[in-house]
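Questions regarding the structure given below will be posed in turn.
Think of it as A, B, C, D, E and F in the order they're written, each chain with its own count starting at 1.
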Amino acid sequence: MAASAILFITLAFLNCIRFSLAFDPRPLQDICVAPALGLATSTCKDPRLVTANDFYMTGLDRPGPFNAYGVTFVVASVPTMPGLNTQGQLFLRAELAPNGYFPPHIHPRASELTYVMEGAVEVGFVTSFPDYKYYSKVLNKGDAFIFPVGLVHTVQNVARGKSVTTSSLNSQNPGFIFLPDSLYAAKPPINSSYLARASKLDENTVKYLQTKMWFG
Amino acid sequence: MAASAILFITLAFLNCIRFSLAFDPRPLQDICVAPALGLATSTCKDPRLVTANDFYMTGLDRPGPFNAYGVTFVVASVPTMPGLNTQGQLFLRAELAPNGYFPPHIHPRASELTYVMEGAVEVGFVTSFPDYKYYSKVLNKGDAFIFPVGLVHTVQNVARGKSVTTSSLNSQNPGFIFLPDSLYAAKPPINSSYLARASKLDENTVKYLQTKMWFG
Amino acid sequence: MAASAILFITLAFLNCIRFSLAFDPRPLQDICVAPALGLATSTCKDPRLVTANDFYMTGLDRPGPFNAYGVTFVVASVPTMPGLNTQGQLFLRAELAPNGYFPPHIHPRASELTYVMEGAVEVGFVTSFPDYKYYSKVLNKGDAFIFPVGLVHTVQNVARGKSVTTSSLNSQNPGFIFLPDSLYAAKPPINSSYLARASKLDENTVKYLQTKMWFG
Amino acid sequence: MAASAILFITLAFLNCIRFSLAFDPRPLQDICVAPALGLATSTCKDPRLVTANDFYMTGLDRPGPFNAYGVTFVVASVPTMPGLNTQGQLFLRAELAPNGYFPPHIHPRASELTYVMEGAVEVGFVTSFPDYKYYSKVLNKGDAFIFPVGLVHTVQNVARGKSVTTSSLNSQNPGFIFLPDSLYAAKPPINSSYLARASKLDENTVKYLQTKMWFG
Amino acid sequence: MAASAILFITLAFLNCIRFSLAFDPRPLQDICVAPALGLATSTCKDPRLVTANDFYMTGLDRPGPFNAYGVTFVVASVPTMPGLNTQGQLFLRAELAPNGYFPPHIHPRASELTYVMEGAVEVGFVTSFPDYKYYSKVLNKGDAFIFPVGLVHTVQNVARGKSVTTSSLNSQNPGFIFLPDSLYAAKPPINSSYLARASKLDENTVKYLQTKMWFG
Amino acid sequence: MAASAILFITLAFLNCIRFSLAFDPRPLQDICVAPALGLATSTCKDPRLVTANDFYMTGLDRPGPFNAYGVTFVVASVPTMPGLNTQGQLFLRAELAPNGYFPPHIHPRASELTYVMEGAVEVGFVTSFPDYKYYSKVLNKGDAFIFPVGLVHTVQNVARGKSVTTSSLNSQNPGFIFLPDSLYAAKPPINSSYLARASKLDENTVKYLQTKMWFG
């Protein structure tokens, strides 16, 4: 039997095994506020200096201008809300211009729950090899959707006007891997001949893509 | 030295130990949709029957009428969004009438990030014995706040009109322990003499409290 | 449907999901003795300076005088037994005078197993919202009882004389949240009008309670 | 400040926080052999029926013919070695023909350690947004390399003849997400207009790519 | 450099890395009582059938007669206290006759805290290869000692009369591996020539040891 | 009933409980390269100084001379491959001379998957008390075997010539406890009278064994 067939069966089987396991956060103390950058001589901020502001953040509804992809957003994470440290969460509020979108991406360390505050977005995610099943849905105001941890997912504005969403991720550092950005924006560049074969594109196209500005 | 003094020093020391640890979710497969209640012959729903609707929920912005505490909310959790199973999250959108409030409560299995969509709420949390330090803050539209896992926290509407918030919890089953409800609403009731002494109230007051309707 | 009814159903369902999951401790090295307070320039004590005394503690059976609640106890924890660091345990031996008791409390980060060495104690715990089911039992010499992690539990001496118990907690820093202490002893105080409404007491009673000495 | 700049700073900061955390496997019993597929009435195979063969597998050095990418491999995983269940590992031995390669891919649930038994391979991985730093290396016989968990990585044969490698992954179900395969092979297909914009390709090229056979 | 020297340095280095990591228990629901053996059609006992007795056990102070090693003990574990399921603990009370002892043993899944209720015991543990450092201590009434997870440890009565101890382990199934029992009591027997060489004993001695009754 | 019989039943029951749980590694950042020994002022190496060499190691196929047990090996671990830090793996390639063997040993923090590159080895493992079941198998070239975490296991060359194997362990610091080495090589020595009784050997034999050179 061909190796790929064996792998196919192997992975198909693995996806059928029925676990129902989730890990939730478990710090070993009540709070551990991240110390100011550049002053990190210890792991947590001196408790005597902690204030309610360490657990607080303002301005999530005042993002900057749209980027080239038609999106703008503000993130509540350890740098902007130091009390999030050890609490296993990151939160963001995004606005998408008409036709705005997030390119496909993966969070290797978190699931993401999206809630639509305004407008309408089409979302979806792709299961891993060999199924590559694409589950997608149009979300309207008041709808929510869960992107499972570690899977490629898509978000595009399908409203006439702007859409506004919130995203809840269950890691303080979920990681963002945009696709195909990480293939073409890698520094130093990945070998273009290899990328061309893997992408089924000619090498000149790959070299051209490697000169482009990607999501950021 | 008195036992209480020893414990005080012991716990104060523990709170000074500097950890920076967080656990994030880690299922062992891409997805594991919860099977329909009553049909749970296996741990995950048959993958061939899974659809995008399993990861989706509508109506978070259409809660029912306010309860006696002046709050109403809709929850995205495994029963209403079966694809949340193993993904380590629960999400809710709440509305608080003028003077509405959530009584003090604890989530033993999750931290909670609150975002204010509309209005203004006063929030706070109390660290554990022996510090009992209360960190509180008024949040306005566009503000966010993190309640650390396992600590008593408070939420009260301080706007003239209603307030609207979202809550992101990083467990699919965070647990809700309202206070002092769990002392007085326990079934069968906790010994009223014991409760009176622990609460520093007379026993008749405790017996009266044990007849009241609590948050629900 | 009312929000509270929806939450009730949601949580009742969650309590029916059948998990059988426990996390046990897993350090990444044999031992990591906590360094002396004030000398914590690294995370573990220099292994060359570690002795058997770091894993040892004496005097658990020689507690101080009873406190106002009629209890006294000695704790084996990282400050008193530095080798406990990373080993996921805390242990205490308590004595309860006639009528002595621990007020209701929660350990957000540990389950607790109690063993009765002498006397008799009545113990119990309350499950979380919305069930609030109270499981209680009188324990005699030679009996043991498990308090599940994160739940409100009660301990009262019911012997004519003193009782002696041991408690095993499976976290090196389980946290102690006494109730209703954390509501009334918080510093600065929680808004008394809010507390009065949540506690179904008049505000003057709350203000009075906020002046009292609580467990310690 | 633009949203993307804020996110850049946020994520750059996150990457600087210095954790040194790893989770290792922790089953709750000695062994839990996976039951035969179709007979899974319980979670572990009846211990009385377990034999040494459950922990054993042969033929890792006898893979089938090369696939279209010039690779062939045999996997030791739960389906082929049932005793691997709960032990947190998957292992494979691969052969790469001259010019053979694995397309870029991610294991969302495992790190991978590659060892070169024969030949020479060029390997590399890309860190996440916004750094996209590419660390690559040519490995010769007797060399090893670690691919961190959840990151895009590349493997290409650079020997004149075939190369032989082993891969150790620290999850029993690490997941394989090949790139750009999961974008173009998703079923049903992802909207081609969206993919074209995200990939910076014209829509006809995307539609053409969506008809191709991908890694398998 | 010789392989053993390299391993020595490697492991010595690993033991110097300074982690301060502990995992504590985290079930995903309040309680999950183990169902009766033979009736285990689901993972937790039907909550409607749960009683306080599920969390309770009596008779820990009434052990049977001493075994051949001069020890006797009673264990609170899932079979005797079903509510322990998912709570991450096991507890035992032991009595040691004069000269009684536990042979050296390992708990692969738990640390153990021993408390001396009566008498005096000599305890110790050995760190792993290549240090093999032995930390030992005589414990008297009221003393406690922590055995780190996964290390060989020893317990011997050194009182004139009997000694009584309690042991708290932070796993519901810690595992017991007695030494050298597991070498000689294995069924079928381990090859005696191999064992003789590994034990630096002649093969006849090994064969003789393989016929003996070991701890139990 | 005798205590040992009760424990037997207790543990037999525990081995029947059917969990299917595995923990996989989960760092909180992409990479965290271990800093050079002696320069460890922070937990991870400065990311600007990280190079591909940190994730790379050469010479696994060039071990030193055989030791007294007829084995030699090279280890990829944090000291030799600093990028392994937080990635939850350790890897080694071993050569066994004719009649070479590893003495029985335990890895308290990892399972081990062995692959045979050349020759033939007999391997086995012993389950914990009270079963002590020995599962063994002769492995030939191309075969693999999994040793469950925390169990005593054996490896002996049974080929006429040398054998070559690889071992994959799913912890960056799995721990090595050789048997009976840790009983006799402990420093300071374990009481010889106690060891003699536990080993069922006369005390002079034990004292002699305590003078020998053990595996290293």
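Just so it is clear, a residue touches a chain if its C-beta (ideal position, glycine included) is under 8 Å from a C-beta of that chain, and two chains touch if they have at least 3 such contacts.
What you are looking at is a predicted structure, and each value in this text was computed from that prediction instead of being measured.
The greatest centre-to-centre distance from chain F, using averaged C-alpha positions, is reached by B.
Ranking all chains by how far their C-alpha centres lie from the centre of chain A, first place goes to E.
If you average the CA atoms of chain A and of chain D, the two centres end up 20 Å from each other. Rounded to whole angstrom, the centroid-to-centroid distance between chain C and chain D, based on C-alpha atoms, equals 44 Å. If you average the CA atoms of chain A and of chain B, the two centres end up 25 Å from each other. Multi-chain contact residues of chain F, defined as those touching 2 or more other chains: 14, 16-24, 26, 28-30, 34, 109, 124, 128, 136, 149-151, 171-173, 175.
Within the complex formed with chain A, the chain B residues making contact are 14-32, 34, 42-44, 47, 50-53, 55-62, 76, 81, 83-89, 91, 93, 109-111, 113, 115, 117, 124-125, 127-128, 135-137, 139-151, 166, 168, 170-172, 174.
Listed in rising order, the residues of chain D touching chain E in the complex are 20-21, 26, 28-30. Across the interface of their complex, chain A is touched by residues 17, 19, 21, 23, 109, 171-173, 175 of chain C.
Considering their complex, residues 1-11, 13-14, 16-18, 34, 37, 40, 63-67, 71-75, 77-80, 101, 103-106, 108-109, 122, 124, 126, 128-130, 132-134, 136, 149-152, 154, 156, 172-173, 175-183, 185-191, 194-195, 197-201, 205, 209, 212, 215-216 of chain F touch chain E.
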